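Take a look at the structures listed below.
Below, chain A partners chain B and then partners chain C, in two separate complexes.
What follows is the complex of A and B.
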């Protein structure tokens, strides 16, 4: 059996779990190719105009999956206690059924950690029945998936490259002999772009925007040509938790929590020269979190810019903003060499010096 | 007719206008040209160069070229630019050269609007309009045309308003329907125009100017600065005097010229890459094709000079763009007559 897994939305955070899960069950997983123009166009045609770009891309990826026995669209409700994924994750698969080619069946599974591991396993067993797997097999597959996910999350760090990591996982899933996550062998490339650059920029945003290099017009790569880039995805969970204080109410969206907590850490880090917030048009959680973070940034007078993505393919707007931002950060950095950015007589309603 | 000096050329090729500035070595603005781009940037640049050539002395020389604006890449290819800069930096450089103490720049152009905050002559913060072009020059143009008044008179009429009406400013579509309602109720034209100016300024300050620390001296530049109605609305809203610099309409081009001067002036041995004033008469063509190398099907643009390829862009992988220098083009540009008088 071959299952199609779209390279979009939940892929960017949770693919390792599903890869390990299906690998254990001996089910082949085929991912759709990295986003290209046709995928984007197909996605735009099959979704409601009201929804966000990442979901439209997902619809495109679904259509790009050919020659598979089923398309897998999990409903990832919650990944840890007290948090939810964005409502658009919760509406999957129903909200995307119109994009699925009629001859291909859809497989789904609910993942809801709010109700604990027992419920997760129970829901996975429902999937197991459709796949003809026993409860015990599902349990072991769950553990393997969990291990893969853990390994993946632990490996996130400064020299880590998302695409390489994903290639590694996809490579392992195609091997017949069993390989344990700790023996996933592809070396982390040392010559990664993240070496010796004067500027340190943090790129904040959902994984499915930051790592989606077609839709974000190669923003990450463009930035890396000029600066050392830090991503919020690399920040440890404890670090995120530690920087959530000061909020009057807990953030219960998991991505929003990661973005705000990790973002906060970078805002407070004096070695970071500038922060770029990448969002997409119509994102509900970002509309709140971006503003919360912007307020923090202004208190620290850091250069800050929001880039809003939609279906643009023209690069001029992005390039202009990026160039101007980097020019500004560079020149400010030179000037702050002798004027403290954190000194007095600063206005906390502006991120101007 | 200008003298036979050496000049720096700044070109700002935007969506609505193409501006050229000649800056003398003594930092004097010798010539400014404001042309409508009308969707044909290449022809407009060439036209501009022709005008330029007819106005300067036979032995005058261009010793440095800077380009900016949304078509800066295209302009740079055509002209042979020494420096290519984004509009924000260009505007900031120009303003701080004109007045080193300037702290805020309000810039409203044809399709975009921006605010630039400077401290000690350095850009400290900026913002550009995001997804929508409401409240930019094109919208004013369109409304002026709808009301049948020349855009030049728009502002002056607005100043005659006795009691400006309130116009919804969030979106230009709303603004337009609101204006029509007011007009049908019988409000005077100046009152409606003044109301529109206020709505635009409100919208600008709420969107682009959000959370910015606007301090004086404040410069107002870009094509819309020609409109005294908007200027007055800004002054009322901000409670501070607004300075419209002499060359407000071509500040981007002026900034590009200053940047060219900085670049070329610093390295005296550096010779400009300017392709010569005869380029007004050369046949340039642009064509585009869809690359079929991969599923991205990039739209590649090719700029041709009399049949040979000058530059390409638009491909994500860079294989077309990079192939140019290795082929027919390289060497040709620098050899050609530097100044065809």
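What follows is the complex of A and C.
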């Protein structure tokens, strides 16, 4: 049996788990190719205009999956206690059924960690029944998937390259002999670890925007050419938790929590020269978190730029803004930010810089 | 301490009653207006949803009347509304307004924390019994308000003079706002019913045959469907076009479900909606996304002629619902139109679309043709 796994949205955070899960069950996982123009256009046609870019891309990736026995669209309700994913994650697969080719069935599973591991296993067993697997097998597959996910998350702290990591996981899933995650190849990617750049820039945003090179017009690579880039995805969970203070009410979206906590850490870090917030048009959680973070940034007088992506984002516009921002950050670093202290802060009334 | 709260349709009558019967000084902010929205949009993040912008506007207008404490409800659904209290506090603080924000919800699930917050608002002189009594009274008023609203929905297409209907509605709301006893509430509902009946009898004498109006169900995000300013008066507008309107969520239904955690059913309980939605959207998606789908199914089964969904731009749960609704539309052959509102929504634009939609429904040949509204078609995309 061959299952199609779209390379969008939940792929960027949770693919290792599902790869390990299906690997253990002996089910082949086929991922869609990296986003290209046709995928984006197909996606736009099959979704409502109001929804956000990542979901439109997901619809495109679903259509790009050919020759598979089923398409896997999990409903990732919650990934840890007391949090939810964005409501649009909760609406999968129903909200995307119109994008699925009529001849291919859809497989789905609910993942809800709010009610603890037992509930997750119970829901997975429902998926197991559809696949014809026993409860014990599902349990072992779950543990294996969990191990892969853990391994992946631990390695993120060591600043591994996302794409290489994913390529490796995809490679392993195609092998027949069993490989344990500890034995995955361990080389740290060369291209951005050794280079020493003067500027340190933090790129904040959802994993499915930051790592989606087609939609963000290769922003990450462009930034890396000029500066050392920190990603919030590389921040350890304890660090995130430690920087959530200052909120009277806990954030209840897991992505938002990570963005705010890790973002906060970088805002307070004096060695970081500038912060870029990557969001997409219509992102509900970002509209709130961006505001919370912008307030912090204004307080710390950090250069800050918000880039809003949508399907019409043009390369020239993005490059111009990026160059201007980097120029500004560099100049500020050289001149130590000697700005007249007279009068009012220029940006005190704007939400974004 | 002068307490204020955000507007949401007729909710102010209920909230004012609640605080006044507890002898808490309360400032009712001026009704939602263009001014409110302009003030709010200046402070709010541009991508935030419309209710947040209006809420902020309400608070700033209430400051001018001396309010210093905000009361708002919360929740930890994945809908953004759950985080309103905290983000509003931070935005107002940065803008230089020193409000105390009390979010009425169990903080981290602790009922004790909720009790402390209620105690903080109510002060020491109110006993728990009197607080419960005040809550019950406010709830009864809420149900009565919904009854009146429903009567008006039925009356609008049937009474000949639309201005007269709106006048009766205003009068009814005023009477209810002033009622301070349970009997007073009951009397005002009865008298409104009586005067509506009188008007209708007079109307029937003039008309030669009994008129059976079109019926349209309004579904969508609660704030936009409850608040006539936000929905550009869609219910009154449809009433003028001779359409009887029903709505998926009434205030007391929401209060019963959200604030009393399902202990009170409200005028129109929203509890049955998720089961209606099951075949189309089997999991809750936060906010009232699943309720919207369920209500659409229910309206379609009840034989409504059309359904209109309203939500603010970028509302997450409603976008999920909107992408499921085309399937409801196809299954039940009922036209569904989606209206999205934001701070740039113009009255004329909405009016034109409503007229076109009603025209479409009035075409008697509609039943045989599967052609749907433009919005329906564009929502489904290429088939």
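The definition used in the following text is that the second predicted complex is superposed on the first by the 327 of 353 C-alpha atoms of A that agree within 3 Å, B and C clash if a C-alpha of one lies under 4 Å from a C-alpha of the other, contacts with A are read in each partner's own complex, and residues count from 1 in each chain.
Keep this in mind: a residue touches a chain if its C-beta (ideal position, glycine included) is under 8 Å from a C-beta of that chain, and two chains touch if they have at least 3 such contacts.
Bear in mind the structure is a predicted one, so any value in this text is a computation, not a measurement.
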| item | value |
| --- | --- |
| Side-by-side fit of chain B and chain C on chain A, or clash | fit |
| Which of chain B and chain C A:110 touches, first, second, both or neither | second |
| First (chain B), second (chain C), both or neither touched by A:91 | second |
| Touching partner for A:288 - first (chain B), second (chain C), both, neither | second |
| Contacts of A:37 with chain B and chain C, given as first, second, both or neither | first |
| Touching partner for A:303 - first (chain B), second (chain C), both, neither | first |
| Partner chain in contact with A:257 - chain B first, chain C second, else both or neither | neither |
| First (chain B), second (chain C), both or neither touched by A:249 | second |
| Touching partner for A:47 - first (chain B), second (chain C), both, neither | second |
| Touched partner set for A:75, first chain B, second chain C, both or neither | second |
| Included angle at chain A between vectors to chain C and chain B, based on C-alpha centres and rounded to the nearest 10 degrees | 80 |
| Greater residue coverage of chain A in the superposed arrangement, chain B or chain C | C |
| Least C-alpha distance (whole Å) that remains between chain C and chain B when both complexes are overlaid | 6 |
| Interface residues of chain A shared between complexes with chain B and chain C | 281, 308, 351 |
| Interface residues, chain B side, partner chain A - complex | 70, 85-89, 117, 119-120, 122-126, 128, 130-131, 211-213, 294-298, 316 |
| Contacting residues of chain C [partner chain A, same complex] | 45-49, 74, 76-80, 82-83, 85-87, 89-91, 94, 103, 107-108, 280-287, 289, 313-317, 319-324, 326-327, 340, 378-382 |
| Touching residues on chain A, where the partner in the complex is chain B | 33, 36-39, 214, 218, 281, 294, 298, 303, 306, 308, 310, 316, 319-321, 323-325, 327-328, 331-332, 335, 347, 349-353 |
| Contacting residues of chain A [partner chain C, same complex] | 45-51, 75, 77, 82, 84-88, 90-91, 94-98, 110, 247-253, 279, 281-288, 290-292, 295, 308, 351 |
